[in-house]
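Structure below; questions to follow.
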Amino acid sequence: MFSRVLIANRGLIQANCVRAVKELGCRAITVYDPGDRQNTGVRNADESHELKVGNSRIPYEDIDQIVALAEQLQVDAVHPGYGFLAQNAVFRQRLQAKGIQLIAPGHAADVQLEDKPQLRRLARSLGLPVLPGSDTLTEVAELKAAAEKIGYPLMMKASQGYGGIGIRVIEREADIEPNYRQIKGQADRYLSRAEDVYLEKYLPGARHIEFPLARDQFGNLVIFPERECTIQRRFRKVVTETPSSCISSVMRGRLKTAVEILMNRLKISGFVSVEFLYDSASDQAYFLEINDYIQPSHSVSALHTGVDILREQVSIAARQRLTITQKDVEPRGVAMGVFIAAEDPEHGFVPSPGVIERLHLPYGDGVYSQTNVCSGDSVGTFYDPIIALVMAVESSRERALAKMTTALDGMHIDGIRSNIPLMRALMRYPDFVRSQYDARLISDGESRERIYENFRTREQSEIAALIAALSIQRDANNQNLLDQARRDSRSKIWDMASDLFSRQK
Amino acid sequence: MFSRVLIANRGLIQANCVRAVKELGCRAITVYDPGDRQNTGVRNADESHELKVGNSRIPYEDIDQIVALAEQLQVDAVHPGYGFLAQNAVFRQRLQAKGIQLIAPGHAADVQLEDKPQLRRLARSLGLPVLPGSDTLTEVAELKAAAEKIGYPLMMKASQGYGGIGIRVIEREADIEPNYRQIKGQADRYLSRAEDVYLEKYLPGARHIEFPLARDQFGNLVIFPERECTIQRRFRKVVTETPSSCISSVMRGRLKTAVEILMNRLKISGFVSVEFLYDSASDQAYFLEINDYIQPSHSVSALHTGVDILREQVSIAARQRLTITQKDVEPRGVAMGVFIAAEDPEHGFVPSPGVIERLHLPYGDGVYSQTNVCSGDSVGTFYDPIIALVMAVESSRERALAKMTTALDGMHIDGIRSNIPLMRALMRYPDFVRSQYDARLISDGESRERIYENFRTREQSEIAALIAALSIQRDANNQNLLDQARRDSRSKIWDMASDLFSRQK
Amino acid sequence: MKYQIKRADMRHNVDIDGKYDFIDESPVTVDKNSYQVRVLETDVNGALKVVMINRKIYHVSVRARADGFPEEVVLKGVPYRLEVEKIESTRYRPPPPPKSIPGDMLASMPGQVVTLLAQEGEQVEEGQSVLVLEAMKMENEILAPKSGKLVRVAVKEGELVMKGDPLFEVE
Amino acid sequence: MKYQIKRADMRHNVDIDGKYDFIDESPVTVDKNSYQVRVLETDVNGALKVVMINRKIYHVSVRARADGFPEEVVLKGVPYRLEVEKIESTRYRPPPPPKSIPGDMLASMPGQVVTLLAQEGEQVEEGQSVLVLEAMKMENEILAPKSGKLVRVAVKEGELVMKGDPLFEVE
């Protein structure tokens, strides 16, 4: 086992990594942006080091500083959490050069997990279905030619992209050049080879299914029940269900076999998830990618199976054997997770920074919530706007939905806007309830308005009108009082007015 | 199913009942003390009614007001939660007279669950072992005579007592009279027949084991894995483990059979738990009592088994069939729960009211926390000081302990004192780890000091000394600066001093 | 006073008696239904925060136009866009809705301008992306509020902007 | 300055250099170990709240006696009772520990007196229950702080008391 592990992240995943590393008996060392000193993980670590904030404003992405610190502190390993440097190949190499291990999956020497076109080729060679697409390209002319062959609509993706970075839908040839420029611009700040992109056929009606799995260095493999994460905004997962409600047990078996073949060929050691697109019209699934980092949704699988996924992940990286078997993760009921974000779905999911005046999380039998903020905390604009994860476990999807609906009705954040109302509306939307939807369900503006409209009852509309009228009425009333007071300053009306105002506060 | 249910409680159980009732499609109506308007359950209810606060200061115990409201609101049923009126026979009768059902277990007409001496006789007649004890007594002379026969030490208990109310350890004859007076005094405010007490042999070395179970009106019975709740303070449960670590599977089977016999004889319909004392020295268990209300610890069983216990409880009360079978609750790993209270274990568990400046709950794979307060909330003195429940689930007790230890290390409440440090120390205390302890472990002052001392390392002691010295040093330094400033008011020293002070803020 | 309020394709008639201050429970009629209303909490300016309607607690917020008239009510988090069409009162009249959409766009949050998608002087369509602003690690496309000529672009690629900074203007 | 501090049956020698203000990381020696110390947060009176020691964050609170000298340090929630025995400095001396235990008992929380267990004028032993105060639905036995004569009982059964109200006095 490691003796000293550096956790280079913030928020919930930082606290969870500190916890897992301590449970394994290692020393948990972490870093923090000065604004994050109150974070739970910082308080709980055995050592905490303040990062200097440079021009980028995001010190958690400061490779030079973190590698230097890791070396100086003589850590054995670095846990990158998710986002930030979790999939940064340069970071991994720089640490390796100092003899420090990045906690990320090991694999056969002849593949690079971050090179998605290479993985697509490999998967196809193993007999897995992949979507029509291109190899890595860097020229607009080549992209246009390849697109012609694949056919529109299609996706343009940064070859090393992850977490929604460098990914665009292309409807027609004219979109290729501006989108390539935009992807390159964005990728430049996150990826080492920003100019590399590839094309892939776009299946707008498809569902996203991923199989999380753990495989140790001795080849022991445990495949967890698949997670469905079709509900996304800006290519980021918002709702997770496990197991998926759209695939048959035959398809499930087929995909598990495909995952097993792929993992054994890649000689993966660590925790990854293998993602597929599933087209229900043709009952056909396509290999999409391998997520080679611990995902935020792993918490839903942890609740569902009772397995401490983070601890297994660190333990595998330290060349230990898996402590679980396939039998330990057999599905038991349905688990669902909803990520709550400080963003405004009414206005294209723009971040909604501000002060959380009060935060009520839902709790109860089968309802478990996790957060990294407190009432009184500010939500800034520099970091991911996810502030909580609400989870429900139940014996069936129908019951899990009922439970999640009531849970979300019971969650309140005063002070900032969030996606809670949209999520409440989604849980009641017939297409979602019947499991007949695709990735556009909440990302498309018109579809989103339909979800809201379904949620707006006649009674609620009347009450909204009442509130609007009441709001004017009270303004008018106050005005009356003040007008009268000015006319007759010897009367008692000033007292009445000030009394009224003070009672309102 | 009911159509309108009144929830007459506050805090976590109020919110959980509102949730369960709504999931069942009923209208959730609740009441609140004016100071509790921000409670999650109040915000989430379909209707909320403010209670008038009378002289007692605890409107949730105001039978007249709540019964009148229940009638006026035409509810079908009242959920009492736990504490307050949950076991109040008068409340139940008053509601019954209005045709309103109290959500509490139904039973055979010839028994009264709140009459503990009667239950003891019945259990004995069914072949269950019960401790030597007396019937209900009301005279000091009778108590002395009965005590002589049973032998000291013994327990004096109010016949209708619950939740730690009216319960005392008696070491010698001289203690009988003052303790009877005290029990009567306390019981007078909570129980209808305050003068009724009984005696029971006291087994200081015993463990507390309870079997939660659900039985519907059709006789379907599901017995949940037993909970151990030996760790108590003031006869209230602080730590819950399920299953228990001290009984053999033979003993477990024997006790489950006893529970089944007793439940079928009593024709229980509803959710109860049957409590036993287990004496490990003699490997003998004794029937203690039936807890005929939903217990705070039910959340640990809900997490462990995935069953929505509250929903089943309401559903059975509405004469529905159980939706689970014995197979659904087979033990899977170990779950543990620790109740966090705003009280000061260093000073005899006195309540520690105040403002919670900041509350960090632990979360992570297998770590789930629930609370009914937010940062910024005040903890008052009128209600139960429990403010959070921290739970851990794992594959073994050893791992659950490691997880709970790390979880508690990661929990912080700034602003008030709590039992967190004691709980952290307990999780590391060898006798607790080896499962060799009894109910005195934290309630006894000397034992508690041993637990703390085991937790105080040499390094921590040095750091405490460092902090004490640093605290004086800084006072002295500030004093120096001010002294010098007074001597030479033309120097720059005032600026230095004010600079120093402002940097400290 | 009587209010007529339009919400999507519905019109609601709200009748509020001027003599109540709503600190105690008081009736309000909306269309054919009567609601018992009590104001539980307002902010320091007297704006509604918590209202109890038929015994149910609603946390609300009302967003007003520049002239002070409500244009959006958020009810338990769900936004309802609405318009006050008529007020029957001798003293108060709703002002006419604003005639033209303003063409200048201000930053609604702090962030970094990562891409300019249109040049000063270009003709843009309503809803067309003019620039991309990154905040909270996410790209936000800032759209033209109406069709017209992009008369001014106030920012450069890579520039950091604060909330309220001007971004561009369409005429 | 050098401090000698007694904690349970241990004595710690703490050496703190007067030239640091501990806003930057600075060394302190305790017994044979050197600790790097930095003060991260104090309250408005300058009392220590958050201290980083060897890169670990400690939320602390220091409880002082009436004369201002610390008697308890709470470290991550765990209380350490201690006594400052000696300060080597030309200017500062610890005051002598208080000679006698005060015999008057004040209510440490608001509550209701439910039972009086001893009468005025009675002889009581240190640690004997004098009365029962109920708060937060729990009974708290209030013990005699020392042995002696119960010269005054300031409350009656059933009486409500506020924090700081006198309960009784032992002489």
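Letters are used for the chains, namely A, B, C and D, taken in the order the chains are written, and counting of residues starts over at 1 for each.
By definition in this document, contacts are C-beta pairs under 8 Å (C-beta built on N, C-alpha and C of every residue); 3 or more make two chains touch, one makes a residue touch a chain.
In this text, all values refer to a predicted model and were calculated from it rather than measured experimentally.
K.L.:
Is the number of contacting C-beta pairs greater for B-C or for A-C?
P.N.:
Higher C-beta contact count between the two pairs: A-C.
K.L.:
Can you give the whole-Å distance between the Cα centres of subunit B and subunit C?
P.N.:
The mean C-alpha positions of subunit B and subunit C differ by 48 Å.
K.L.:
Measuring from the mean C-alpha position of subunit A to the mean C-alpha position of subunit C, what distance in angstrom results?
P.N.:
29
K.L.:
Just the number, please: Cα centre separation of subunit C and subunit D in whole Å.
P.N.:
Each chain reduced to its C-alpha mean, subunit C and subunit D end up 55 Å apart.
K.L.:
Taking the mean of the C-alpha atoms as each chain's centre, how many Å separate subunit A from subunit B?
P.N.:
Whole-Å distance between the two chain centres: 37.
K.L.:
Residues touching two or more other chains, restricted to subunit B: which are they?
P.N.:
Those would be 43, 412.
K.L.:
Please output the residue numbers of subunit D that touch at least 2 other chains, ranges allowed.
P.N.:
In subunit D, the residues touching two or more other chains are 59.
K.L.:
Go through the chains and record each pair that touches.
P.N.:
Chains touch in the following pairs: A-B, A-C, A-D, B-C, B-D.
K.L.:
How about subunit C: which of its residues touch subunit B in the complex?
P.N.:
40, 52, 54-57, 59
K.L.:
Can you tell me which positions in subunit A touch subunit B when the two form their complex?
P.N.:
Its residues touching subunit B are 12, 15-16, 18-20, 22-23, 38, 40, 43-44, 298-299, 302-303, 306-311, 323-324, 328, 332-333, 358-360, 362-368, 370-371, 374-376, 393-395, 402-403, 406-407, 409-410, 412.
K.L.:
Flag every residue of subunit D that touches subunit B in the complex, lowest number first.
P.N.:
Touching subunit B: residues 1, 3, 5, 7-8, 10, 12, 14, 16, 18, 21-23, 28, 30-31, 33, 35, 37, 39, 42, 44, 46-48, 51, 53, 58-60, 62, 64, 68-70, 73, 75-80, 82, 84, 87, 89, 91-92, 108-111, 114-115, 117, 132, 134-141 of subunit D.
K.L.:
Going by the contact rule set out above, which residues of subunit A touch subunit C in the complex?
P.N.:
Per the touch definition, subunit A meets subunit C at residues 83, 164, 178, 181-182, 185-186, 234, 343, 346-351, 353, 380-385, 412, 414, 418, 420-421, 424-425, 452-453, 455-456, 458-478, 500-501, 503-505.
K.L.:
What does subunit B use to touch subunit C in their complex?
P.N.:
37, 42-43, 45-49
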